[in-house]
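Accompanying notes for the structure given below.
Labels A, B and C are assigned to the chains in the order they are written; within every chain, residues are numbered from 1.
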Amino acid sequence: MLIIDHERCTLCKLCIRSCPFGAFFVEEDLLKVNESCTLCGTCTNVCRFNALTIERKLASSEELAKYKGVMVWIELDDAAALPKTKKVSLELLGKGRQLADDLGEELIAVVLTDSEEVDLPSLGYFGADRVILCRHDLLRTYSTDGFTSVLCAVISSNKPAVVLYGATPHGRDLAPRVAARLKLGLTADCTALEIDDQRQLVQTRPAFGGNIMASIITPYNRPQTSTVRPNVFPIPLRNENHQAVIEIFSVTLNKAAIRTRVVEKNYIEEGCEESIENARVLVAAGRGCQKASNLELLRTLACQLGGGLAGSRAVVEQGWIPHTQQVGQSGTTVGPDLYIAAGISGAIQHQVGMSSSKTIIAINKDPEAAIFKLADLGVVGDAIEILPRLSKLIDNQ
Amino acid sequence: MHEIISHPLPQTDFSKIKCIEGFDRIRSEYSAYLCDESKLTPKPFNFLFFPKNEPELSTILGEMQRRKVHVTIAGARTGLVGGCVPADGALISLELFDQVQEIYYHTDCHEWRVRAQTSVSLKSLETMLRFKQFTSFDQSTDTLVKQNFAQFKEDPDHYFYPPDPTEMSASLGGSVVTNASGARTYRYGPTRSWVRGLRVCLANGEYLDIPRGKYFASPSGQFVVWNSKCEACNVTIPDYAQPKTKSTAGLFAAPQMDLVDLFIGSEGILGIITSVEVALLKKEEKVSIIQFLDSDEQAVQLTMALRAEKRLQLDFLEFYSGNALNLLRNLQKTEPSTVGMPAIPENAKSAIFIEMSFNPHADHLDFSILEGVVSSCGADLARSWAGYESRELDRFKVFRHMVPETINSILAERKKQYPGIHKLGTDMAVPDEHLETMWALYQSRCDALGLEWAAFGHIGNNHIHVNIMPRNMEELEKGMQLYAEFAKKTVEFGGAVSAEHGIGKIKSHFLPLMFTPAQIQQMRSVKQALDPQGLLNPNDIFSAEVYP
Amino acid sequence: MKIVVCIKQVPEVTNVQVDPETGTLIREGVKSILNPFCEYALDHAVRLKQEFEDVSISVITMGPPQAKDALLRCLELGADDGILVTDRKFAGADSWVTALTLAEAIRFTVPDYDLILVGKQAIDGDTAQVGPEIAEILSLPQITYGIEVGLSSSKKQVRVKQEVERGYEVVKATLPALVTCSKGEVVRRAPSFEEVLTARKKPIRSVTADDLGIPVEELGLKGSFTQVVKVFPPPEKKCGKLLQNLEPDQAAVEIFNYLKDKRFIE
């Protein structure tokens, strides 16, 4: 329940303006709240005088059972001309569908956008039963404050049992913020999700750089929330017979509530490479490539194979390639058809990011390199010697 | 006791031993075995053996003896003087001798010891000790081995094997047979100081078990080795004295010496080491400090001052000359990340690199003695880099290796234009009192000839690697003459011309500088007594021509 | 101008080994280090301190008493004072309780902070959650994945170049704010030995559960929303073919044939 400290309240009305549910009103010079309050927490955050607090009790099992359904935040690729659903969101719809079926509940897709062009029916084709559309001009591009506020409102009024986010930079920015506001448990970077016999979500994730796996539950409150790495779950089959109900969620958002402002954008031109997350072929560089200029050899091969260049954390930290091309625990998880690891020793942190590649070829001077344990084909040798020769062979044919 | 008995080994079926026959096949499928880190041009040889155990090794030796085929022994092939590059005949790779056999506490000597087969690498030994994980013990059926290991695991302290010859992929046996040393030799001495026992397979196929402290040369300088057929072999040890510096030139000799010391540093010409017992030391936390200085002379002064202050116990005391720092600066400009360190301060004209014990958790740290010595030489600890966490120590270690690597890559580039060019790197040590003069000589002579050069290395042991980088064939010629001049001066000062790399095949011409023909003949006699047919490691230390 | 840097001491995970029988970590011989991303956060703070005169840097960590070592490292690298939030009652905290505890500790020790910097994630847990959660609890604007952190000349605004999926964006926010940090463009400093020695004379204060006034049942394991129910080693992957001792030409041919075989080359 929302507690208002009238001693502290100055009636500045900022909370009234920011409440997504219009739950505040002033009566006899006192701030009051009505039953439309969902405890979404937006107001406690905007109040400058700490006059608003939310008291949350540990919920009983009956209380927990009131939360139903699996919700997926649909992340849009806002850099594209037309807003396009990110691949990871489709993967989550597939997994979310399974979880919802196991619970016998609905799958809800939530879309935050300013656009009228989002292909909402497709979300149904990929498994959603219901699509909640939150449309507002201020949702054109991602902002922590704007998205947190709207998503908290959606969650607190819909009470899902599970909320899933893609573990993308935005997903990892948004999910903890929402979790902290609603006081929810959150498990990051899950690689497996299942429902146990007590209808709880069991979330499995790598820890200690992938050296061990941990299974985690959130027993005391709902919804249970997780972020999931891209390329871990498959994209479900598109089924045009599965149609979703589309629901508009009215959004209250004012500009002052968004406290960060993007003043400059500098996107990397990727040439013949697409983003590594979606690449079919990746040639990845490790420390064994010795110097930045050698990476051209890898790039040549990547282009020949119709793929992109990627690299280990070491190579990114050396500044040889941008972070957008980093594979591994602190970079991107990839799942190409072919992954060629050149001079990568294969620390477990790297393996976490690429082990779901379908075919792995590793070249390394050290026959003991861990990468060879994953490789379908391992070659002990110097990648910088071997790869140009391989490129030549491909050229000649 | 100066008499020892060798024991026979069971013989196995020679045809079942893994062997690659024919140079063409060896060259195409096993090219890595053709050479070591010396990059010596390989010569053809006909057999490559991979024995699994001592009986197989003994059987190979017997068969090669019958066929009059020379045998060269290879460990991890990390040597710099071509010791395991065959001159002809057969190469025996001991790589399958890779088990750690025992770890136990020696109650009389109050020390932990490890017994291991010859090809266990220093790196894997280090890892096993660090994690106290030895898979071979878990699988062992020997209850005593298991019991001792359990005791080791329970010991709250951690232990390490002190010799650190930089190249950690080297094999334990290889490091013993070359008496490897490195930066830490400054405090802990060379490998010799840590060997507590050896098992050696002789050219006759029999083995000796030699614990340290049991077999000593007789007052007249004799050892007698009895074989299992009761035939005696008399070994007379040379009568020369060791230089007062570290040295890996020629066989070790001293009055009433321990037999174990004869084999340590013998470069494999007297017998094949199959198993080694070494002592461990309790691990302490360390701090690495790179102290930047105003001149190379100041570095020499600081070295002498640090050495003179007996209350300071440094693990190592290393040197970068001003021109070595310049090489690194240039590298930082083009490839800052490979250096992995902040920019070297502009005003640094030389540097000393030390490591010492350091407890980062101590409430009170007193380094006033160090501060005193450093400031007495006009240096300032604020102009230093320090690190003590293990990853920091690793980072500093990488930085230490960066100079020789940079020099190698510069020369590789020059080789493209002048294929005959190579680097000239000295490996000479002189006694303490000659450090200043020797450094002045290095510096003035290199500069006088207008050569490009850089110096680094173990200044604490007066063992500086002066690296000359010839830019053309004329400079190469000048450099070689200078090298010989340095070697001559070193011997004059009572130093060693090969302080840590050994003689092998590429430095045998230096031996006559340090030893008289009579002394070299004494070494040959030792070889002749233990290996009358000249079967083992031909051309190492001295050439094989004298053997039939 | 007060900057608070939240840091974490972590095991050096590159060396972590797992006991194959119990599936738990072998702690033996594993060193604890300052989480590298926290060190980057400190790097950004030190840069600001070099640029603006009156900046002071407080580093704060929650952990067992030996987490003091990580604070010491920060003091060597240029922080002015350390805060060690340590109490047995904090043990077992998940990211939410960690954030709650740290946020309260910051309010308690440096109530007049201007900027909070944290690492983008810790290499042991890799959750990347504590930073944004602290920001939420303290009602601060947050900017994640910062690689350059600058201040406006009036020191009222922070300007952050952040990594985003397609490249970089520059984001501004009014102080106080929280920034999670990735590696900046500076090469890491090495402290001088003098700095190593003087760091040990800088103040480190301890904060306990009693200081924070959070009810015990909201702390540590008790207050955590998530619960670990099982820990196990990751599944082993099958080994493929390993080719050794090939000349580069041969190796290239082998790979070429393999790619052809698998139809990656037509």
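In this section, a contact is a pair of C-beta atoms (placed from the backbone, for glycine too) under 8 Å apart; a residue touches a chain by one contact, two chains touch by 3 or more.
Model, not experiment: these values are computed from the prediction.
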Most remote chain, CA-based centroid, reference being chain A: B
Chain centroid nearest the full-protein CA centroid: C
Chain pair with the higher count of C-beta pairs in contact (B-C, A-C): A-C
Between chain B and chain A, distance of the C-alpha-averaged centres to the nearest whole Å: 53
Mean-CA-position distance for chain C and chain A (Å): 20
Distance between the centres, which are taken as Cα means, of chain C and chain B, whole angstrom: 41
Junction residues of chain C, two or more chains touched: 17, 245
Of all residues in chain A, the ones touching two or more other chains: 317, 319
In chain B, residues with contacts to at least two other chains: 337
Complex interface listing, chain C residues touching chain A: 11, 13-14, 16-18, 23-25, 37, 94-96, 99, 120-121, 123-133, 135-137, 139, 141-145, 147, 159, 163-174, 177, 182-183, 185, 224-234, 236-237, 239-246, 248-249, 251-256, 258-259, 262, 264-265
Sites on chain B touched by chain C in the complex: 29-32, 130-133, 158, 287, 289-291, 336-337, 340-343, 360-361, 365, 367, 380-392
Residue ranges of chain C in contact with chain B within the complex: 12, 17, 26, 28-29, 31, 33, 66, 69, 72-73, 187-197, 200, 245, 247
Contact footprint of chain C on chain A as seen in their complex: 44-46, 79, 144-145, 148, 168-170, 172-173, 175-177, 179-181, 183-189, 202, 206-221, 259-268, 275, 281, 305, 317, 319, 322-324, 329-330, 337-338, 347-349, 355, 359-361, 363, 367, 372-382, 385-387, 389-390, 392-394, 397
